[in-house]
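What follows is a structure written as structure tokens; I'll ask about it next.
Naming follows writing order (A, B, C and D), and every chain is counted from residue 1.
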Amino acid sequence: MARWQLVLGILGVAISIVLPALLGSAYWAHNFLVVNLFVTVAVMQNMLLADAGQVSFGQGALFGLAATTTGIVTGLWGYGYGAGFVAGIAAALVLGLLFALPALRVQGYYLGFVTLSAAVVFPQLLVAFDSLTNGINGITVSLPGLTQAGRAGLSWTSLLVMATTIAALLGHAALRGTGTGRRMRVASVSPEAAMTLGIAPGRLRFLAFTLAALGTGIAGALYVPVLGFVSPYAFRVDLSIFFFFSVIVGGSGELAGPVIGVWILYLVPNAILAQLSVYRLLAYGMVALLIMLAFPDGVVGSVVKALRRRQMRAQIAPIDLAAVLQDENAQARNTAAPTAAAAITVQGARKRFDRLLALSDVDLTVAAGRVHGLVGPNGSGKTTLLNVISGLIRLDGGEVRLHGAVSSRLPAHRLAALGLGRTFQTPRVFEDMSIWQNLEIGADLRGTRNHWLLHALQRFRPAWTGNRPDLLAHAQRRVLETLRMVATDADILLLDEPAAGLSAEERRDFATLIRFLRDRLGKTILLVEHDLHLVWRVADRISVLDAGQIVAEGAPAEIADNPRVRALFTGAADAAGR
Amino acid sequence: MLRVADLHAGYGRVPVLRGIDLAARPGEILLILGPNGAGKSTLLRTIAGFIRPTAGRVELDGRDITGTAPEEVTRAGLRLVLDGHRVFPRLTVRDNLRLGVAFRGRQFDFGTIVAPVFEVFPILRDKLHAQARDLSGGQQQMLALAQAFVAQPKVLLCDEPSLGLAQALIPPILAFLRRWAAQGTAVVIVEQQIEVALDIADQVAIMERGAIQLAGTAAELKRDKRVQEIYLGLGERGEPLMP
Amino acid sequence: MPMQLRRRTLGVRTLIGFILCAALGAGAQPALADGPPLKLGEFLDLTGGGASAAEAARLGVDLAVQEINAAGGIAGRKVQVVTADTQTDPTVGVGEMTRLVSQEKVDILFGPVISQVIMAALPVVNAAKVPQMGATGSELIVPKIAPYYFSLLINAQSQASAVIAQAVQVLHAQSGAIISDSGAQSQSFVESMKKEMATRGMKLTGVQQYQYRATDMTPQLLTLKRGNPDTLFLFASSGEDAGNVLKSLDDLGWNVKVTGNYTVATFAGAALKVAGVDAFHAHDVTGINYKAFTYCDAKALPKPFLDFVAKAKAFRPSDAARLSLPFAATFYDGVGLMKQAIEASGGKTDGPVIAAWLEAHAGDYKGIIEDFAASAQSHFLVGPGALASVYPDRVVEGGLQQRYGCGGS
Amino acid sequence: MQDALIVLVHGAGIGAVFALIGMSFNVVFNSSGILNFAQGNMLVLGGLFAFLVLPSSPGIGPWFVFLPASALLMAALLAVQGYLTLLPLRSSVEQHSWLITTLAASVIIGAVLLIFQGTAQQTVRSPFPSFWFLGTRVPAPYALSLLLALVWFGLLRWFHTRALTGLAISAIAQDLDAARAAGIRVHRLQILAFAISGLIVGSAGFVAAPVIAIANDSGVSYVLHGFVAAVIGGLGSDLGALVGGLLVGMISMYAAYTYGGEFQDAVSLALLVAVLMGRPEGLFGRPAARRV
């Protein structure tokens, strides 16, 4: 799916640099050098926005800082361009890290405002600190060795720019194939799901800002040989806005989006309509407005969406539960027979949200290798308890132990690393990754692709790599999410209403899967479920939660005639309890 | 009257409703029963236009309103009272009521139109100028119902009106709905308080896993053995629950 | 479904529209100009911080070109104008300059009005050897790095000395404070001022900046007031800004004398609208202007400039009414000077030839401004001798200002 | 001390303009979660209207006639802009499109101003004389802007808590689903909210015309300061915008006084960062703002 975009992008970059040089058009050659520098920055912005979910309106400041630093070191201090290049990138990295700091505290457009502030103030500060930056006069840097045209009309600068831009595109595509890239996208789409997969979103935000700063910094350092002159007026806030515009207009998240976006927004007003002079700004605004009205998902984004709609009817290899269930390797996994040891112990758990007491003094023990059902009416605190155990919510009082060790003060991603897995009420399946990648995210936690589950499913790999999960039916998404959790090698599984939305037949299959996980793989399972039939069918033990308290507990047969349980079936508990 | 035919819907890709057929006639109360997660709320939200159905048809007085925006559905005369006593917390009781009637224009006298409400729920008159967030849960539910009442809909959908209410409050609220229906409104209630609710209902439908398992008049269903077992707690121990 | 279908076709249509536009746009660019027309590139900062001056420059150039074409062109060639907007952004400036010299293959260039932009574009101009006249004040632009570039503006140094001469000799000021906008032009003047004050032994009591288009400068002025300077040096990039400084002075009730620069005089019209003539009187505001745009006796106004004003008003009435006509006249003169240079060089437009001619003969040209001068050492076409202190508020026809010391106050 | 007072008085004057922009953001934000980037240029258009209709020495009569005209004109323009901004949001999940459409609207207004007015900054004279207060002559438009900000604050408060339509708009902000269930036409009210924000900036631009820069490129600075005011005060809170605007005006003026004009923006934006880091929901904001 993404490959044609990558090819298109790289071809666009290469042709735009080589062709004008061959034709000897100094104008287009220069324009496309600038355009490709901007494309590089926009690719980084795209990665930051779409892959890491970070809104930055300040990338122009990073670009400008790298360029200015390179200019100072090379042009004012007289060191070589190499030194300036390195210094420029280093400066961009420092500012990138400064951008990442607020990202730990604020997100979304608020983060946008913070970075926008930096972009507004940046050129003013360049002027204010003129003793260092040469202020308003700017810095002239002549690098004839780099800028003179060589073979086929190409200078070293144009080769460097071409290599950088292509590397940025390739790097972005490659990042998406790596575990880190996958984790980044997971953390951006659903931070809580990410944490339960052992991912620390804050760290990935830092990484994303750093990578973006690196790419933007290289582009900024290359600005110096391309323009030969650095001055504050080139790095006004408009530039930062332009980068953001380009990504959206091209299509946020699409590999080729930045190329198309920059071409349209830079070339249409500045080159194609350049003669219009004062009408140029109008053209810029109209182009952006019309594209958003005609292509709400950006140019490439809307094309991709249309193509995908056409592919909707394509055949897809279903996720075959039987294949997993019959796997020989899997059957050998169950090393230890169920012991009486407690896998999860909750003691005196208390949690309050504003006026609502969600958990009041909950005690719960889940034996290793067993399925423990947790039932109760809506709003009784079941999901809160799951969130507490999986570390997404901090307790007000009491504690949680996993295998005897206190866990309630550890963050979710640490618990995941310790072998705790969970699923969510709506399956957290990541739409913009292939089905296979969705599975790999699980295995990523163990740092290996050499996972028995992946081996067992190897024969599905071609089909699952080519297909995105948005074509999967709900039940299959549920299975996929569960398999992904299995791929993390978690030994304690928390399932949050897994049967919701499944048909009767699908529920039966899912019950088989739960039993398989317990009997063959020796997993401990805490099952929150409204479908009491399912719970009674698979659970070894059941706790009933109501208004934040455990009101009944026992083996299924023991508690079936408990009035609280009867009430659950009829719903009478809701009013009686309050 | 409200007619729903072969309705399918869900949240995103999660199917919740699987071919629902039902009808609600003026003057009658249709009670929809079912365990948590059966899709009752989804059904009401789909009828009211909040969820776009993937298939099927919703008709109001013979007019197709499938996929119509919720505000237009309300204006067409079908009013949903959301679950969890959803009122506008930072507005006063009076303003909440005024908003309920707002779309009907200005030719209505506020006093006349809310009089029947205050008769049933005098507490609302006492707290007329209090902010809704300062009301108790039960009072908020009364307000939510009153807000729907002043709109004078042809069809009223009510999602768990008794949820979170003190026991003593439930009968008057249900009685209010009964009287309301008697004026010629078709009322659909999703309820878990079946002992009480069954008594005021004319028709009953039982939902499980997104489909209607059983439907009939209240009298018929009261006699049905399976309903007695499961929903009225008259059955044997847990056994029938495990197919 | 029909809804979606419609949206998609709309998208496709828009896309096709853009491609067509792009194709037409590209096709519309004129081919090589080795034929008769002589191409004049307007390289101007039409948007961004330098815009109001650039517009006036454009008016002067366009008017001159119209007259020249009506009279048979330059060396028998019709003049064709190609306009480029630098957006006051060096990055764009380099691109536009490349377009002008390599795409449009212009023969001569006019503009810019911002030093930074020409600094960035110099390598391109130098390689193409196109003669150029702009209006920049930075002394960094010397013939060594810009051999074919001439400035119609007095350089910052000359301006600073004229301003300080006025303050010292006429006002007998021994100390001064500087207020300016943070724009490029003003900052380079501030630098020159600091140097010049140091050499003259004048005390600098404070320097403050305001953002271009600021409307309230009271905080900066309050700070400067604490230094109690004899005079306040004002460097503005727009008349409105200058007017707002005066208005803020009034708000504070600080009756300091104000010595302004060339811009304060040239764009005084706008400043008067903002602050009113009383403010000019109250602060005894002076500015620096080209002698050609000044008068002493209201009954003996300089005719060349008045003629220009009449022509400009007939040419583009609305522009003439709102733009600085002295600034326009400067560029009008520039085109005339360039014409003479080309015709005297046998119709050649090579940078080295034209530059050599201008260095040798610019002083001979008599336009509205009579005392042009240039040399191999300085490409500033207007020297300190061409300047005079003026009352910016005593304006008559077309922006002529009364010289300081003429007539009573 | 005297100096500081003067600076603060002027800061409050210009801060009132920021507060008005901030309040106009809130109306739109509360109804749709959109932040309208074009608001700065809309303010400038209000000022331009004053320039076009008021004679060079205006009387008080015409001023009072044209003030509502300016407000209504801008309301109509913003309704159109609102319609266009909401258009792609209905057909796409792309949550960034409004950002582009509003910024593009801002660019287009600036470009049209450039084409018809050139780069000149227009000057408007106030029919009201300046007056002396705490040792400084205060331009009347500052006082009028402050008055207008208070009036709009009161009007908005009344509108959101008394008027039926205003109640409906605040209902949208409080519970979107319940509002729709009550038959409130959300889309129309969102457009109406755009129009109301037009009333605010239209009147603000007209009243403040003598003290703002009416030029093709000055909108960005106003929109940014308005944003900072609204965000510091807490997006959605009119009291926040009022306090935030005055705070930003006074602090940026004070920064110019103490550190110099080149650090004016740096200081007010540092204030923004400081507030966001310490209290992300703003001084008077409620945590977790709702989106469209």
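Rule of thumb we're sticking to: a residue touches a chain if its C-beta (ideal position, glycine included) is under 8 Å from a C-beta of that chain, and two chains touch if they have at least 3 such contacts.
Source: prediction; values computed, not measured.
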Fewest hops from chain B to chain C - one hop per pair of touching chains: 2
Taking mean CA positions as centres, which chain lies farthest from chain D? B
Whole-Å gap between the CA centroids of chain C and chain D: 35
Give, as an integer number of Å, the spacing between the C-alpha centres of chain B and chain A. 40
Averaged-CA centre spacing for the pair chain D and chain B, given as whole angstrom: 43
For chain C, what residues touch not just one other chain but two or more? 46-48, 182, 211
Can you list the chain D residues in contact with two or more other chains? 91, 114, 260, 262, 265
Residue ranges of chain A touching at least 2 other chains are 124, 127, 278, 280-281
Each pair of chains that touches is included here, namely A-B, A-C, A-D, B-D, C-D
Where on chain A is chain C touching in the complex? 25-27, 30-31, 34, 124, 127, 130, 135-138, 140, 142, 223, 227-231, 233-234, 236, 264, 267-268, 270-275, 277-278, 280-281, 287, 290-291, 294-295, 299, 302, 306
The answer for chain A against chain D in the complex is residues 102, 105-106, 109-110, 113-114, 116-118, 120-121, 124-125, 127-128, 237, 241, 244-245, 248-249, 252, 278-282, 284-286, 288-289, 292-293, 296-298, 301
Tell me, which parts of chain A touch chain B in their complex? 377-378, 426, 470, 472-474, 477, 497, 500-501, 503-504, 507, 530-533, 536-537, 556-557, 559-561, 565-572, 574-576, 578
In the complex of these two chains, what residues of chain D are touching chain C? 3, 6-7, 10, 13-14, 56, 91, 114, 118-121, 123, 130, 136-139, 211-213, 215-218, 221, 253-254, 256-258, 260-262, 264-265
In the complex, chain B touches chain D at residues 48-50, 69-72, 74-75, 79-82, 86-91, 95, 98-100, 102-103, 147, 151
